[in-house]
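Okay, so here's the structure we're looking at.
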Amino acid sequence: MEKILQVKDLELSFNTFGGEVKAIRGVNFDLYKGETLAIVGESGSGKSVTTKSIMRLLPENSAEFKNGEILFGGRDLTKLSDKEMQKIRGKDISMIFQDPMTSLNPTMPIGRQITEPLLKHQKIGKEEAKKVAIDLLRLVGMPKPELRMKQYPHQFSGGQRQRIVIAIALACNPQILIADEPTTALDVTIQAQILELMKDLQKKIDTSIIFITHDLGVVANVADRVAVMYGGKIVEIGTVDEIFYNPQHPYTWGLLSSMPSLDTDEAKLYAIPGTPPDLLDPPKGDAFALRSEYALQIDMEQNPPFFKVSDTHSAATWLLHPDAPQVEPPATVIERMKKFPGSRYYEGGAI
Amino acid sequence: MARYIGKRLIYMVITMALIATFTFFLMKILPGSPIASADKLSPEQRAVVEARYGLDEPLPVQYFDYMFGLLKGDLGISINQFKGADVTDLIISRMGPSAQIGFQGMVLGTIIGILLGMIAALRQNTWVDYSSTLVAIIGISIPSFVFASLLQYWFGLKLEWFPVALWKDGFMSSVLPSIALAMFPLATAARFIRTEMIEVLGSDYITLAKAKGASGSEIAFKHAIRNALIPLITVLGPMTVSILTGSLVVEQIFAIPGIGEQFVKSIMVNDFSIIMGTTIFFSVFLIVVILIVDILYGVIDPRIRLSGGKS
Amino acid sequence: MTQNLEKLPKGSFERITVDTKQAERISKPSVSFWQDAWMRLKKNKGAIVSIILFGLIVIMSFLGPIISPYEPNAQTITHANLPPKIPVIENLGILDGTGTLGGKEVDLYEMKNVEVNYWFGTDGLGRDMFSRLWKGTQVSLFIAFVAAAIDMLIGVIYGGISGYFGGRVDDIMQRIVEILTGIPNLVVVILFILIMDPGILAIIIALTITGWTGMSRVVRGQVLKYKSQEFVLASRTLGASDSRIIWKHLMPNVLGIIIINTMFTIPGAIFFEAFLSFIGLGLQAPDASLGTLINDGYKLLQYQPHILAFPAILLSLIMICFNLIGDGLRDALDPKMKD
């Protein structure tokens, strides 16, 4: 498959009054054409920062690339000038944000907000752009689009606004669409509609999606592949089945165990103990070891490298080292692994 | 919206009636006679003078006469300062210079203030920002009469660029007083716009605009400025108050034949009808300005426009 | 994904038990709201310099009249209209007692046979400007502080009651405030000054008669906001009394904004006092306040600019200090609040 975006050894820090916050500490991943890659992790794990750094939307005076590159169309996005970046934003890569209530300009009719990227990136006139905008609104399922072009954001509901934001993002048929928790701020029923819409549109315009979320239910629903982030690093990456049914990293185990499900008997929901690491002063070895009951001596000293589980699946944990002891994952995870062909608990059958 | 304006208008009338009543009775309990030379007059002469101004009538009659007069726009007649002159005419005749320096000061101050605030926000935490903040703090802190005195001493007396305390040279005479009055609106606008701009620039929709590929200037001019300017309307009220307050002293310092100067003089000579008339005139002016500001805000901000005018 | 699996020492793969309580530990020492605010305030250089400067001004306002050998109101006609003369500094060619007389630079002290020094000069009645200035500052600050304290007291009580009890009480109280705030402050102050005997008391009453409405609105808004929040509801369900809710839950949250608001009321009061004195409605001679001194100085601006300069500079300094302290406190106590 064609790699459309490659993130290599990306390191990024924020310079704050308190010191240097190492928000991203060596992130690697590829994005393939037409796929949906979900990035999951808790708040502060660096998932939003990673995508914002691809778009170069971080405050220039405090965020600083320390290392690595972001390759897109043969160019390193970290090295582009502002002008060059403006030509990519909204045209080749576009973005949907978390809160539709605040991501539209309150004093500009939505029609103008949709035509803005069209007029900017495509050589078309105002009338033409208006027609395209109306088509876009229809595409995202907005009834009576002609009438709504002149209305202001406050005249739309949250779900409708997110549809408008999606219309803006799709205006120039981008190659990559970054969705930063696009359903978090919405009601559950609306969430499902928006997710359906995004899946639908992806098929129609063949774009790759990076989908950021902390909701594993959403991930299972939309993603082809999943990257799990913790403490500014990707700790495990694989196809959605591999992550859900053959997870290797204790943090992924923790995430999956803390996911509520109807068929678990346990009355008490599992919670990962402790708090995310302080990225002002990141721990030396495995950042998750301090919260993990599977910690090894070496976790305290050395950062685990990536160990390959399959061609598509790798995880950064010392537990995969040949010398490491066998450990028992949590019961709920074993239950899952029983269904995955190739896992050591496989009992036959299919997922 | 119509209901909102209606409600506001009713409040305005009540407030005005209260102010007029309040002013009227305060003037009546003031120590001393309203007639300056009362002590020197014989009782007969005094009665004649009092009858001329209607001061011999019982208090309720005087009160209702005054209130009915107000309805017709009649603010009474001057007793001491301009014997027998109509207060309404006196105020109207003095409006020109006051309006001129007030308007010039307001416009000058607001425009420069907006520019300063915007530049400061766009160049946040640079020397441009710091010097604009300094100007704003000084503008808010230094009272207009101190500033006016300074201007007069330096540009009037020392450098002789502008006429001193003479309202004869038309526009040239109005320059220094206008600058003195402009300081507060300037500082207020600069501070206000800076905070608003910084907040707007940090908002999600600006990030979205950036994500669309908009350039720095497109973001500033197409998206940020309008959103930052709208709330400025809310401080137009306090700015007008400051111009009015300032005009009392600034007109005094630059000897401008305006309403403020006349008001201060009438306080000195206890000309009750002018004090009352001017008080009521100022009140009406400010209340109307604040009403207009509130309505304007509802009209301009689409978020408020449809939700009935209440924020 | 190259990995170097060889060099790891023995024992690296021992299982260890991490105390999960260790992971729950809070890495930074906990600071109270006020400690946090103080730390933030300390970082604000403008505010800290202003606090120190203002402290010095307050000390001088008491010390000044004492260290000056002259009484603030004592007149020495033969020493009238002397420019400032300060020992030591006079050698620099400034503040050396020279002034222009008939277009010529002369040492007025020599000419008038004055042996002593007046640091800030004298006024037209030969009164020592130095002691008058500090005495005037004392009076101005006194008026401002008392007025601000009264505003605060009335405003907090009125706004607190209105916001806390809500409903009908709030409705009526708010209608009253709406009408009161409709009346321009300037007009009320001038009218009240007119009917009272001019003096410190009259100015304070005039300033506070409607001045408290601003504070009451802010307090009401805050109380309304907090009283419906969960922590107050929780406390109420647990049977807390009204007074306990007010003092233990609402007050600590509203206190910050009360302080900020007061810090902006004080310069407002200083300004109004000076303003009233300037248009002749303030203190009456021979008492001095910064406003009356500026008024006196303005009249002699052309010939004796020093009489205006010192009180004008001091007044401006105090105002700047207060605005900077107010800004600093606002940022420290409520980082999200803006103008």
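Which chain is which? They are A, B and C, in the order written, and residues in each are numbered from 1.
The definition used in the following text is that a residue touches a chain if its C-beta (ideal position, glycine included) is under 8 Å from a C-beta of that chain, and two chains touch if they have at least 3 such contacts.
Since the structure is predicted, the reported quantities are computational estimates derived from the model, not experimental observations.
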Chain nearest the overall C-alpha centroid of the shown protein atoms: C
Most distant chain from subunit B by Cα centroid: A
Intercentroid distance (Cα basis), subunit B paired with subunit A, Å: 55
Mean-CA-position distance for subunit C and subunit B (Å): 24
Chain centre separation (subunit A, subunit C; CA means) in Å: 50
Contacts with 2+ other chains: residues of subunit A: none
In the complex, subunit C residues that touch subunit B: 178-179, 182-187, 190-192, 194-195, 267, 271, 274-275, 278-281, 294, 297-298, 301-302, 305, 308, 312, 315-316, 319-320, 322-324, 327, 338-339
Sites on subunit B touched by subunit A in the complex: 125, 203-205, 207-216, 222-223, 226-227, 230, 301-303, 306-307
Contacting residues of subunit A [partner subunit B, same complex]: 55, 57, 61, 82-83, 86-91, 94-95, 97, 99, 102-108, 116-117, 120-121, 152, 154-155, 165, 168-169
Touching residues on subunit C, where the partner in the complex is subunit A: 1-5, 8, 11-18, 20, 22-24, 27
Of all residues in subunit B, those that touch subunit C in their complex: 11-12, 14-15, 18-19, 22-23, 26, 29-31, 137-138, 140-143, 145-146, 149-150, 152-153, 157, 191-192, 195, 199, 241, 244-245, 248-249, 252-253, 264, 267-268, 275, 279, 282-283, 286-287, 290
